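Letters A, B, C and D mark the chains as written, and numbering starts fresh at 1 in each.
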Amino acid sequence: MRILFIGDVVGNKGMKMIRDYVPALKQEYRPQVTIANGENSTPMGRGINLSGYKEMMSSGVDVVTLGNHAWSNPEINDFIDDSKRLIRPYNFPGENVPGTGYTIMNVNGFRLAVLNFQGRVFLDNLDDPFREATELVKSLQSEADAFFVDFHAEATSEKLAFAKYMSGEVSAVVGTHTHVQTNDARIINGKTAFLTDAGMTGPADGMLGMQEKSVIERFLNQRPARYKVDEDSRGIICGCIIDIDEKTGNATKIEPVKQMENGLF
Amino acid sequence: MRILFIGDVVGNKGMKMIRDYVPALKQEYRPQVTIANGENSTPMGRGINLSGYKEMMSSGVDVVTLGNHAWSNPEINDFIDDSKRLIRPYNFPGENVPGTGYTIMNVNGFRLAVLNFQGRVFLDNLDDPFREATELVKSLQSEADAFFVDFHAEATSEKLAFAKYMSGEVSAVVGTHTHVQTNDARIINGKTAFLTDAGMTGPADGMLGMQEKSVIERFLNQRPARYKVDEDSRGIICGCIIDIDEKTGNATKIEPVKQMENGLF
Amino acid sequence: MRILFIGDVVGNKGMKMIRDYVPALKQEYRPQVTIANGENSTPMGRGINLSGYKEMMSSGVDVVTLGNHAWSNPEINDFIDDSKRLIRPYNFPGENVPGTGYTIMNVNGFRLAVLNFQGRVFLDNLDDPFREATELVKSLQSEADAFFVDFHAEATSEKLAFAKYMSGEVSAVVGTHTHVQTNDARIINGKTAFLTDAGMTGPADGMLGMQEKSVIERFLNQRPARYKVDEDSRGIICGCIIDIDEKTGNATKIEPVKQMENGLF
Amino acid sequence: MRILFIGDVVGNKGMKMIRDYVPALKQEYRPQVTIANGENSTPMGRGINLSGYKEMMSSGVDVVTLGNHAWSNPEINDFIDDSKRLIRPYNFPGENVPGTGYTIMNVNGFRLAVLNFQGRVFLDNLDDPFREATELVKSLQSEADAFFVDFHAEATSEKLAFAKYMSGEVSAVVGTHTHVQTNDARIINGKTAFLTDAGMTGPADGMLGMQEKSVIERFLNQRPARYKVDEDSRGIICGCIIDIDEKTGNATKIEPVKQMENGLF
């Protein structure tokens, strides 16, 4: 079982990279399941809309994950409940949280559960992802053969601690949110593929997807600034490839994917 | 020299309390200078608009201070530079910050400098208020006879530390921002009147000015919620009275002001 | 049923105020239950030790609550499980958390449950206090006739939201942690006594219990500083008195208590 | 001019990696200047001691930088003023901050200024690194031919914004602090080499240098835990190589360095 994971898709340029590069990456790597984090996929880079979700699907993505920007575009409330392959962090608290926090892909009989969790360090007070993930994985034992987690979090320590804590239970933990790919892909305890952050997909030259002028001004002035997606930038697509041994559920390989639009990095 | 200070004015109800109660409070206490924090005075409770500023002035307020919501209503950029008695936190960084961080009231020859500073604990990375306030007070020695500071901050420790640090130099430090009046009015070192927080002016029954439903939902769900000003609530006006000895510049009295609309608390 | 609550007891001076003033306050107010927050009661002002707990008990305190400093003195692990009237925030996560988060006082057949919860805004990622408190209160319905909560939290909004959310269920919510008494004692919805913060008990003149020099230096230098309890200060004892109607469980009165050592404030 | 930079050296294992691998890396890459971040180089992984500093120097390091743990070992106050090649973040505020925030290496007449700054997002309220770095670089124009900055910060956005803002002025910005090497080495605007984080040097298998048990427990329990350096782990050394054109001051190459103890990653 091979998985292609694509990190946070940002704005129109991110969507263009999905349309232009996911088919080619699938041709190259031949994954059975393709997952992309879509929390910044609207033209404004905040949240997701229905056409973006559908376009990712028709470009070859099988599951779309989210993060702290899940609800940034309020339209999501209109379609998340009907979007079977769109998942938001499972550990949002409260009753009747719209949508779901996991989905199960059946590929020739091998059932891969794709989970989305969000960290709490420097982020909102969601429910404990360590405990909730443990319980969810346990409850899905009879429905899934392996587990992949998009862990959307800021702090490197929380991401690694989560991966180590879950490493007996899940086949892969890939971090998202910082928009910068890390250089630490590895397999933990011979079982769990891990990458602290997959990086982002979208404009390569600005400020992690946004135009640099307003972001820098905010740092200098500490006054509100309206960030805009960096439309004119070259594009980049980032993520990783993970192989899972279907007999044992152990990850056997993880390697980063990073490709510039129209050429090499 | 007597000063009447009014804590964060919130929404239409806060403006109504200003119109209805500032004249009466002035009648009762006979302050020479009246100051109000207007950072939440728009109908939405975010920032300030020109008509609100003018209405505060025509209701008897002499100086309007601000805080972390100074720029929340972007219209402020259109009038702050022409609004002599509207001050924003002095320690916003950057070049050409709109507006000013202090103003000087001349009352029968006694010159009271009114300063606005913002704390940093749990708030944005403004310039160091301790150092900036020290330098500003020093630079105004020949222009002012006494100094009043609205210190807009979250943490009780930062507010008290600021007051103690400045207590050789300024006659009063009154905290704002938490929207809850504290019960610790005192004179520090026989010199500086201090109150950790003046409290808020506006709807008394909701969530510190906002409707309680959406605020509570945000705590429960950790998803974005649109807060609305609690329009139907009874009103409250909170602040304090401070007396300064014009010969020494020492504060001689500070007492809280807290009045419910149409009657007692 | 009358309750005397005493806010965060800090250091040796705080313990002295307990010894010297709790008996007198009990004489004056005649409470049936006396509760004190002891999270800063060691000589260092961090955590609690066994002799301090026992001394509070023998001075007339019936229940000791804690907060974010519950574990600051590691000795607590040796005695918390055997200390029936010492409670720590209920919503600490994890398995086998030492101690308990509530206790029930039986006063002439009226059973008052005393609960301790901790907020999360600007604090650690404990379990959701809103949900946990709701469930705990529900589970104790047959064991208790009324509920008192020490809600240890930083943000005024979280404290008020918690009180409003719980106001159908509990008779009193008193905030602790900021060490500054607020001036907003009230009864919410005709049911629940509320005070944003009870204030502290200990040295009155320093920095919320600590010597001012090192605290101010930390703000100026942003380097580590070792805080010491302000031993030489005059003492203060802060808290509140709450009356609960035993027939309805409704609070009928809440008023602040604040007394300086050897005289008036 | 070639620079070898080594990311946060953690504990005894980190020091062993310095002793064992810096000479070999220098042999391999032939840098003229070698810089290492030593903020975690004590056996406890907190701060630096004199013997560690001296050992780094004798192992071939030319300059040691620090970060938020600069003062964690208070012994530093005894030797930092006499340690010419030990620099701490320049933007610590206050008067008479021990030590210095930069040093200048003269290599065959080419003068490389090595600067250390610390970010503020999710960290302490130091002085504004953007403004302070701009002013420092300007003031050193006649003393230095090129500038290298170790920017010790948490947030990817602050690190990239700093690098972009400084990119007209400095030849390299390398991030430290997260202990995870990023996969985004690049040259900004044809001028400034940038890497969001260099990664760490020390135990490879634990939690970013610490033993995993206590770190994971802290996430689960939210109670204080004493972290210990992971002594038994295999070692890793992380950093980067940067080439600067001495004629233009422009960076011409940046590539990551990452080596496991006794073999390949």
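In the analysis below, a residue touches a chain if its C-beta (ideal position, glycine included) is under 8 Å from a C-beta of that chain, and two chains touch if they have at least 3 such contacts.
A quick map from chain label to UniProt name: A, B, C, D = Metallophosphoesterase.
Treat the numbers as computed from the prediction; the structure is a model and nothing was measured.
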| item | value |
| --- | --- |
| Fitting chain B (Metallophosphoesterase) to chain D (Metallophosphoesterase) on CA atoms, where both chains share a sequence, rotation angle to nearest 5 degrees | 180 |
| Fraction-based call for chain D (Metallophosphoesterase) against chain C (Metallophosphoesterase), same above half, different below | same |
| Which of A-D and A-B has more C-beta pairs touching across its chains | A-D |
| Rounded Å distance between chain A (Metallophosphoesterase) and chain B (Metallophosphoesterase), as computed from the means of their C-alpha atoms | 44 |
| Geometric centre distance via CA averages, chain D (Metallophosphoesterase)-chain A (Metallophosphoesterase), whole Å | 30 |
| Multi-chain contact residues (two or more partners), chain D (Metallophosphoesterase) | 93, 125, 128, 131, 220 |
| Residues of chain D (Metallophosphoesterase) touching chain A (Metallophosphoesterase) in the complex | 122, 128, 130-131, 154-158, 160-162, 164-165, 178-184, 196-197, 199, 207-208, 212, 215-216, 219-220, 256, 258 |
| Residue ranges of chain B (Metallophosphoesterase) touching chain A (Metallophosphoesterase) (in the complex, touch as defined) | 70-72, 74, 92-94, 97, 124-126, 217, 220-224 |
| Sites on chain D (Metallophosphoesterase) touched by chain B (Metallophosphoesterase) in the complex | 93, 120-121, 125, 127-128, 131 |
